[in-house]
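In this document, chain identifiers A, B, C and D correspond to the written order of the chains, with residue numbering beginning at 1 in each.
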Amino acid sequence: MTRGATKYLPLLPVYLIYLVLFLVAEGMPGMWQLMAMLVFYCAVGQAFNIFLGMTGYVNFGYVAFLALGTYGMALSIYHFHQLPLGVGIVLLGLLLAVVMAVLLALMVGAVALRLGGAYFAIATIGVNEGFRYLIEGTKIWGGSEGIIFSKQLLDTFGREVANKLSTFWADVSVLIIAALAALITLHFIRGKTGYALMALREDEEAAKVMGINVTKYKLIAFVTSAALAGLIGAMAWGLKLTYVFPPEAFDISYTVEGIIIVMLGGAGTLLGPVVGGLLYGLAKYWLTVILPGFQLLIFAPIIIVVVVAFPEGIVGMLRQRLKGTPFEPFVL
Amino acid sequence: MRSKISAVVLGLLLVAALSWSAEAGAPAKVVIGHPVCLSGKFAKEGSQASWGIKACIKWINEVHGGVKIAGKRVPLEYKFYDSESKKEVVTSLIERLVRIDKVHGIIAPYSSGLTITGAPVAERYRAIYMSHGGASNRIFQQGYRYAVQILSPATLYQAGTLDMLHKVDPGARRIALAFEDGEFARMVMRGAEEHAKGLGYKIVFKRTYPKKVTDLTPLLSDLRAAKPDIILGGGHFQDGQLFARQMADLDINVKALSLIVAVTLPAFYDALGAKAEGLIGPAQWEFGVKYNPAEAKKLGLEWFGPTNEEFVKLAMEFSGGKRPDYHAAEAGAAPLVFVKAVEEAGSLDPDKIREAFGKLHLMTFFGEFKIDPDTGLQVGHSMVVVQWQGGKKVIVWPPAAATGKLYYPMPTFAEKAKGKKAIPK
Amino acid sequence: MTWEQLGGNLIQGLILGGVYGMATMGLSLIFGVLRVVNVGHGAFVMVGAFVAFWLFTALGLTPIAAIPAALVVGMALGFLFFYSVMRRLVGAPELTSLLATFAMGIILEEVVKLIFGTEFRGYNWDVGKMDLSVTVLPLAKLYAFIGSVAIAALLYFWFNRTRAGTAVRSVVEDSEGARVCGVNVGWVYALSFALGIGLTVTSGVLLTMFIPVGINPYMGGVYTLKAFVIAVLGGLASPYGAFFAGVIFGLIENGSYSLFALVPGLEPFAMTRFLSFAILLLILLIRPTGLLGTK
Amino acid sequence: MALLKLDRVTKRFGGLVAVNEVSLEIEQGELIGIVGPNGSGKTTLYNLISGIYHPDEGRVFFEGRDITDLPPYERAHLGIARTFQISRPFGSATVRENVAVGALFGTLHGQIGVEEAMEVADRYIELVGLTPERDKPAGALTPVEKKLMEIARALAMRPKLLLMDEAMAGMHPKDIDKLVAFLRKVRDEEGIAIVAMVEHIMRAVVGMAERVMVMHQGRKMVDAPTAEALGDQRVVDIYLGRPLEEV
């Protein structure tokens, strides 16, 4: 096998998981939405991992990027549905989602990425909350009432297609975004960016004197992560749910879920967020059925145990175990 | 040998006969699915809803004798999962209910947001989708074909209050609106503003406050300066409690104070005590409301379902003795009207059921039911207005449902602190 | 807007700000000593609110009696969490400590939910009112303010006049230096964490004296966010900075309401929230260690 | 033209002057020792050269170019590398990855890819004798191995100037001799100027440095060929009157 091909081996288990999820969802009646939920968590974990996992910085306002993506899709369909764009309106929504997420990331990055860890975490919470209150206070984008665009979607595409877009293509798109995120993650880890991010995560000052433009690489990771989040928001929250309300879109608990997924699976690894997303989503789904109301009480101590005893996460531990075995090249 | 063959033939015939009857005849049962919020932020409303639904399903099966379809009576079943009040979970559960459990109709989860969340999935699988806690009018402006609203839409929340106050004291003209900044309360405020203007009221103050607010002092100071006669406001429970409490702290006195949601809950009086005396609030339903078969007859409407007393008794069998509130009632009405629509349609085909829904006009313990045939928006049901009088909630409007008279104007907070009760003479 | 309204709002803001400031001192103390941001801060405020609520409704004790009780409960919780979890996380990356403190908050919320349920509760401690002509001030609010100032003053005394306080101060300034000078840094960590939590729980009592309704297991989130803004305003690592920043924050929150109300088309209340986060970002942009920070 | 030139640089912290009007010139390929007690301003001086601090007064030149306002990473690209007093490996990464970071982002940055960087890394790992430890996480190395790894990492940057901060502290004298010989060899082969900063270990200074600068209370006190500098009475006085060799 050539060196080039070996490089892509770690993608195999990730894509295998996604393929199995897709096949189960397609083949078993009633499983589609559950799979969509799992893929959503995997995708969020992957997007988040690119910044949080690889740099070690905690972006507590991460959900703001998902929210902006949702608004991108909502604004596109709500305002431009009369343009003769056809499916192009969805593409326009995606474009808007990415552009808005990236712009916010650049603005926040310019201010906040110069700050140390704790200050950065607080600043990003501030961005998330501040943005939400800006929307509500100035009444832009529907203010606190948000945007509902089911009607515009129905008017543009007709009932059949609109339903298919919301309940099938939106989920498939999240799957594709997740696959894309995996590819980008691999490219980062194996490339120069990955070395820079590893160095700055371990010791930022040492990284600087080693010639690494830490601000640049942090910004690369931050913007990439934000753009992916924007795409996920546009599809998983926008096109799928066909509405956006600010308090839900900026709900900080999704940020925390993202952090938990990354930590559980293994920060900075390729496979980690996928495994973390799967486990978290499944646990949540089954606890909902078995012990409704006790999910959080069960999750919280698990979080503490994971961060205290297994900070490298499941995949991190797995990598140690598999060292020297034939499986090693597949797990990253 | 021959007996064997005949046995096989007989068996085949039997199978064919059974499968034929299953396809063309009545189904073995009718199932309603519900992604109910048993935990998370709507746990309280969701539990109430499940009690109300279970109570009415029991009534259907035991008193009504099941669902009458294709000349037979088949039992009605309730299939539910906890949606945790989370949007991700709602979509997967609705799909599961339709595809795996093969339910014939779905009751939406509580709240406008979650109701909209599930709507596209219900639409995709052509499932009747009954909103018992999604008051927002906007849900029914989206063109959903299978969505049906059971409760009064948000824009009508304060209509009854305004009609009542207009009748009692036409001289009080200055109205202040102070609502929570959110999709539901804003919709209520919009409806109230329009209705008030129609009655000739003067809006002297109109502001909102954010969700989860902890101190309303600055807003209330400005409100006091606007010198209103009547205040309409609120959003949910926590802010309503804060609203009334800080009105008392700042000693702001008006002739009438109506807060949506909060006032109707027993915990409101528990937390505020005498400060709650004389406050009014709109409710979708209230324990003791006078809707009954006689009232229906007077209006020329068909009565269907248990009476109020029967409903409360049944619901308390499932609630472990807790009193059902209006969340239980509005949800309980859903299976009743669903069964009625199925029986009228004589079929479980969703399009036929939906058509029958459009023609339905009847009264249940929850009040009138009539939807706009095109959008599914509720147009028949009206809200009741309640007032705290001597620690008891009394229904004061509309006259058809009222159990007592309005105390007006509301005593001042200073009077209440000295023990004055808002009991009409 | 009239000057009376603005004046009334500012008086209310000053009083509230004092309580806010006291409610942030614990957060700043913990950050100053352990360099850990307590993301579960609000949950501890909530515990204090329930202490006040329970003592009042079940035992008929006034909230003033709940203050020492809350301090004891808080310090006990602080030691418990320190020796079970936080001890292992001193000096760990932010990610770990943020997640751990967040999880601690969830545990508290869920346990309180099991005991008290999710209903919003309130109590009625009516001790009269003062009419200041521009506004009306219930005496309970005034007592809450006086209590906050008194606790802040006691803390100042403890820091500057006692051995233990001096040790804590030396660790805030330079933990390595303190270690060299013979300070038992491990004990200082434990004590500061417990004291920080104790102060936070106590502030929950004072907050319910100010606003005696809306007591619920999930009420703390709002206070966590406010405390972050106030703490950064005050320099994050300085408890007194936090106290004065709280007062300033209260004045800004209430004062700016009257000003935003003058602008048509804006929702003044949401804008006051926006303003507080905008201030947070601005301070971080120009002076990351806070306006009142000494370091 | 001097490789590095400090022109009366000053750095203050609050009221304290950590580095006070220090001027210094270093030529290409020089071996210099900087000596001074704890707190004499040596580390601050390094931070000023590598760009972690910006001087309050004075300018820094590298190959004739004013680099005072350049951030650390750009100085690294020009050819300034350093090690730290307390080793700062990227602990979770392997030795090989650590050293590869140096190759990727040093003077070769933008010219080589990850695979070439690995080859460069292997070469320097072998030079410092860490090949058996190559795939171990750097955090798991012994203190001495960490120092060697840091030197390899710095050399992999292919610098023109290498600043070593207490690189030989805690080493066995035999190892110090080996390291000194190694550094001399590197200097001869690659023409790097090496500055070694030490507090106590005079053996290294005497063995390696051709020139010694002595710092005291933030000022440059002596700057002379090694033997002459170490014999200077003022230098002897700083060290409480003891002959420097014994300290």
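To be clear about the criterion, contacts are C-beta pairs under 8 Å (C-beta built on N, C-alpha and C of every residue); 3 or more make two chains touch, one makes a residue touch a chain.
Since this is a predicted model, take the numbers as computed values, not measurements.
S.K.: Between chain A and chain C, which partner chains are common?
M.R.: Expected: B.
S.K.: Suppose chain centres are the mean of their C-alpha atoms. Which chain sits farthest from chain D?
M.R.: B
S.K.: Whose C-alpha centre lies nearest the centre of all protein C-alpha atoms?
M.R.: Of the chains present, the most centrally placed is A.
S.K.: Round to the nearest whole Å and give the separation of the Cα centres of chain A and chain B.
M.R.: Measuring from centre to centre gives 36 Å for this pair.
S.K.: Mind checking the centre-to-centre distance between chain B and chain C? Centres are C-alpha means, answer in whole Å.
M.R.: 39
S.K.: What whole-Å value do you get for the distance between chain C and chain D if each is reduced to the mean of its CA atoms?
M.R.: 47
S.K.: Please work out the Cα centroid separation of chain B and chain D, and write it as a whole number of Å.
M.R.: Going by mean C-alpha positions, chain B sits 75 Å from chain D.
S.K.: What are the residues of chain C that contact at least two other chains?
M.R.: Where chain C meets two or more other chains at a single residue, that happens at 221, 267-270, 273.
S.K.: Quick check: what residues of chain B touch more than one other chain, meaning two or more?
M.R.: Where chain B meets two or more other chains at a single residue, that happens at 43, 181, 208, 210.
S.K.: So which bits of chain D are touching at least two other chains?
M.R.: Not one residue in chain D touches at least two other chains.
S.K.: What is the shape of the graph in which nodes denote protein chains and edges denote touching chain pairs (line, ring, star, complete, other)?
M.R.: Topology of touching chains reads as other, fitting no named class.
S.K.: What chain-chain pairs meet the touch criterion?
M.R.: Chain pairs that touch: A-B, A-C, A-D, B-C.
S.K.: Looking at the complex, which residues from chain B come into contact with chain C?
M.R.: The touching residues are 43-44, 181, 207-210, 212-215, 217-219, 221-222, 225, 237-239, 241-242, 245-246, 249-251, 267, 270-273, 275, 417.
S.K.: Going by the contact rule at the top, pick out the chain A residues touching chain C in the complex.
M.R.: 52, 56-58, 60, 111-112, 114-119, 121-123, 125-127, 129-130, 133-134, 136-139, 143-144, 252, 256, 259-260, 263, 267, 294, 296-297, 299-301, 303-304, 307-308, 311
S.K.: Okay, in this complex, where on chain B does chain A touch?
M.R.: For chain B paired with chain A, touching residues are 38-39, 43, 81-84, 87-89, 91-96, 98-101, 113, 116-117, 119-121, 123-124, 138-139, 141-145, 181-183, 186-187, 208, 210-211.
S.K.: Taking the complex as given, what residues does chain A use to touch chain B?
M.R.: 29-30, 32-34, 36-37, 40, 133, 136, 143-146, 148, 150-151, 154-155, 159, 162-164, 166-167, 240-243, 245, 247-248, 284-285, 288-289, 292-293, 295
S.K.: For the complex, which residues does chain D have touching chain A?
M.R.: 50-52, 71-77, 80-82, 84, 88-93, 97, 100-102, 104-106, 109, 113-115, 117, 153, 157
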